[in-house]
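Each chain gets a letter, A, B and C, in the order it is written, and its residues are counted from 1.
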């Protein structure tokens, strides 16, 4: 109950403070990431040129790094912006999209976590396993289904990186190395729309912009996406499909009330 | 009344001539910019490689330059395309997204207005202030609220750059240095969807593709976006939010009738 | 009837196998391409850095190359990925967006078809004419209306490139150089939404991921888009426009049933 109250307070703060969330992200889902930040109450800015990212992150409240369509130009910017964020005490949220699918992605994500102190890492189980040094061959950006031992993996990686690790899937696992949260919100249809993982990361980033409790922010962000998925699915009628579902995700997050967060949360923190 | 009639004529011409509008723009809102041009009746084309932009702009009726996610590669293309447009008498519409947030943006926008004759400049008040040399620290791509002295700022910048300046906000101010138009169309929800500023710029560009009266085109473009915002908001029901609102923006512009433009305009030209 | 049965089988296979479709594509319509692959039942992945495309395509079932916003960096990646796909027997689907509008596009598309064995080429008549060496000046990415002699052009190019050529327009023409299919599905409103051509190409790519009969896959992909256009249009009400229409395209493809494919097909194979 205490946790749920904290979330509703966090939601209130986002809407009051409108945190600026700087993204260096992929061009596939960038528009949806911007709109999900706005829907929650934050303010997104996307900038990836090495000649401006340090200045841009300096006026932001959080930095989201997403390697979905990384290239040599943007990788350099990610490191520069990440280091600057660290210097200024601005939280960095990393989404290692598709890590394991190619060496470039694995190497880049590893380089980022070596050079930059991450506040929250958000990925699916395959991606998190790769970063944990466990054998896992990801298949593009698909979600892995294997949640066996997920809790342990999340805890270990959180301790190793000294950050919060959020593993999303049918059941989400979020750990800061000490506390671990399990979230059962969400709907399988979320996996049928591109970018719902990226959007969850951006929501986490937005919440991180108003608190120093990044574990709380991660849980709030993942839960918000899950609740949106449930509500959007419930609103579907007749021949509605992923087009309508996606639209309703934004509607729901825009209208999300503290009461809904309190009542809808299927959360277990251990 | 005369002005309103001119707009309906302009709308008619767009749908007749289907002007090709070349964009060098950001990857955040590019899809929405393309669709808004199509919705109005134009034809969008996006191309940003330095080896093709001069050829592409040569077959276009207008060039939109938007620095939202500028980088060294695209900055060069913006200048090349802009100069070529000038040579051929093709109008150039500039959206200096986020200028003031970083030196790169400020420097780039200044370089563009030095190297390229702009027909219409569209920005929010913070952005326009920076270009005017007035102290203004923009916060990413947010809209500034300070409209104090806005008219004077718009007039002065329009005279300095010898172009039309469109300052969008709660109340829009558009000046060519002689005439100034005030538009009260629009809805606050427009600020809750990413890219509505970029889309307004693309609408201005589309109208510019069918007339040499760029002041008229700028007023028509800004008004079209404002009317769409009003209508889209009116159409919302129950739990609708920014997802539905955004979809309805496109619906409305697609269905925009001359009569609605005549009747809906909240326009004062001085 | 035999053909129609084969399509419903193909649709079934896509949903069973969830083929991974690697895209090197433009940043204008990339999100829609990803969602249309997901809607059909496939799994999209977008990656364009030269240091990872060969690895990425190696785990994919099909490669879609779309030159919509090509640049020197991505052109190199297209060739690398295409050659690797050829080596591994993975089908390559090419969308030569806007070829003829600039020399860079024409040269690049020609280079790709010289260096890479294409399985399916999808374009409008203007684009196909340019590749055929026939005089055709395309106007950005517009659809050409001239279908005169379209069949012959498609057959000749298919024979020349030893691939399937899909020419989309008011009436679609698809030929593998021997068989030619004519499809009358579709709706004019498809031309009013950006990216419906790109999306059709991505659908073709998704079907190619589950069969070696690329002619069949091309017909199925084009027909799926056409059927979606018809159904989406039928679902429009009152003031609905391209915003709602686009959303419903995804809904329809997501819900597409084998029966609808059987009954809705306006197909003639000669």
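Observations
Note that in this section a contact is a pair of C-beta atoms (placed from the backbone, for glycine too) under 8 Å apart; a residue touches a chain by one contact, two chains touch by 3 or more.
Chain labels with UniProt names: A, B, C = Hydroxyethylthiazole kinase.
What you see is a predicted model; the values in this text were computed from it and never measured.
Think of each touching pair as a link: the shortest run of links from chain A to chain C has 1 of them.
Its C-alpha atoms fitted onto chain C, chain B is found rotated by 120°, rounded in steps of 5.
Shared residue numbers account for under half of those found at the interface formed by chain A and chain B, and the copies are therefore classed as meeting with different residues. Annotation: 32 Å between the Cα-based centres of chain A and chain B.
Touching of two or more other chains is recorded for residues 27, 31, 246-247 of chain A.
Across the interface of their complex, chain A is touched by residues 20, 22, 27, 30-31, 34-35, 38-39, 43-49, 51-52, 55-56, 59-60, 73, 231, 235, 246-255 of chain C. Contact residues on chain C toward chain B in their complex (touch as defined above): 26-29, 31-32, 68-72, 98, 101-105, 139-142, 192-195, 239-244, 246-247.
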